[in-house]
């Protein structure tokens, strides 16, 4: 399994929704890029300047909305994930 | 419901006002982009470097004026919101 | 009324002075953009990193001189104001 | 009178020296832009992150040399001054 | 042996995987640049502003995934390594 | 005399050395711009964020080597000096 | 001797290795620019914000590998050195 480092989280991105116009499925570049996903792993937390670790706010299973430029894509065992800093998450869906 | 993370707030943007010239409604790009809205949710507050959480100043229901470049648009259950940091709010309408 | 957030102030900008050449009033773009005004409202003060609020130096009624690039214009009930950070004020007229 | 805010000082700029070549006074753009002047007012001092005020080093009457890009020009009662941060002063003439 | 300084780590980059299309091995520039490797040495840790050393999180032998722009390449005794800051590591493979 | 402010020093730049090729003195733009000089005055020291003054390391009379882009030129009583921050000095010649 | 200031070190750069192709020595611009050298002098250490000096990690005699853009070249008594900040050193050869 992938364990994010520091204040990072690992996000499984929601499936892209297909857009249809009058029943016609639009090609890939017309799809909305999703900005939501599920947290599948969280880091231990960021180290403060004094060396202490600040606990994470998010936990595994949280549904999150993030900025469209957030995160780096990583592939692991055939799956794609986004790794991002917790602070790049804008909101949690409750 | 969407719960903003950290020092973020969720803002329901005021309706755009239509501009009329001699009774003629102007097309969309001539409308004033509103810079005001209502706070519909607030985060728990930003973490200070020592890990403590700084309480929010704004609360649900506040009418706010924000910078025109503030925030990121998010869609949730058919509604559009702005998510922004509390510090991007310039003033509260009292 | 508008209540500025944090270390911001609300400034009512002085009227632009008309410039005349030989008694002829110059067109608008030749006027000097004023860099002075009156403080009509002040925020509660900036939060320090430890969460404490630093009191404001300026108060309502102060006549101030500010940098020509300072502040954002906001409209409220038909009036135009500038909202700026207290640190953008260069001097107080005493 | 103008009272600078924070760690700012108000400087009355020295008169520009005329340059002459063989007794001919050169036109204005050939003059040396002065980088020295006299401090006519000082602020109360910058607020440190903990809210305390750091006392000023300079005082009224000091003759100072400053960087040629330092400060903003302000006009007050027919006179031109420079408002700059104390840290933009390079040296004091003793 | 190379001993990284401060909060740096020395990474032995995983072999690039060859990509094949219908059994044909693609030329080098079509290969995926690997973003994973094994930590072969770690520094003593970064010095905090107060001079104390913050212990490292990673240790020798950790399999890591890093940002594709992370690190500087160094050659030592015929081998190529990446030296990067610990914070450039996105996740550990557990 | 000029008294540098804060953590600045006043440097009297070493004379430029003439370069000769086969006994021919090269024109001015072929000379090496010197990066060394003698400290002729030092400031009282930089103020730390808490308002305390950090004592200077350099003292009058020190021969220093500085970065070629360091400092601002000032003229005083017919002499040219460089005013630079102490941290722009790379090394002392002992 | 040159004494580096603050957290700087003085590095004697390793000789550039000549590259040969089939016994032919390549011209200068085909040589690898070395990124290693020996520390010949170290500063007293950087001053922390509170004025305390943070001790150096490196010492005279250390063989170091540094980033290819690190440091400024200085000449002293006919020799060329690099002066760089200790944090620009990537690894020590042990």
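Letters A, B, C, D, E, F and G mark the chains in the order given here, with residues in each chain numbered from 1 onward.
Please note the rule applied: contacts are C-beta pairs under 8 Å (C-beta built on N, C-alpha and C of every residue); 3 or more make two chains touch, one makes a residue touch a chain.
Computed from a predicted model, the values in this text were never measured in an experiment.
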* Asked: If you average the CA atoms of chain B and of chain G, how far apart do the two points sit, in angstrom?
  -> 52
* Asked: What is the distance, in whole Å, between the centres of chain C and chain F, each centre taken as the mean of its C-alpha atoms?
  -> 42
* Asked: Could you say which residues in chain E touch two or more other chains, in rising order?
  -> 49-50
* To do: Between the chains shown, work out who touches whom and classify the graph as line, ring, star, complete or other.
  => ring
* Asked: Ring chains in order, chain B leading off, chain C next?
  -> B, C, D, F, G, E, A
* Structure fact -> The answer for chain E against chain G in the complex is residues 1-6, 8, 10, 41, 44, 47, 49-51, 72, 74, 76, 83
* chain G to chain E touching residues, read off their complex -> 35, 48-50, 52, 54-55, 57-58, 65, 67-68, 86-87, 89-94
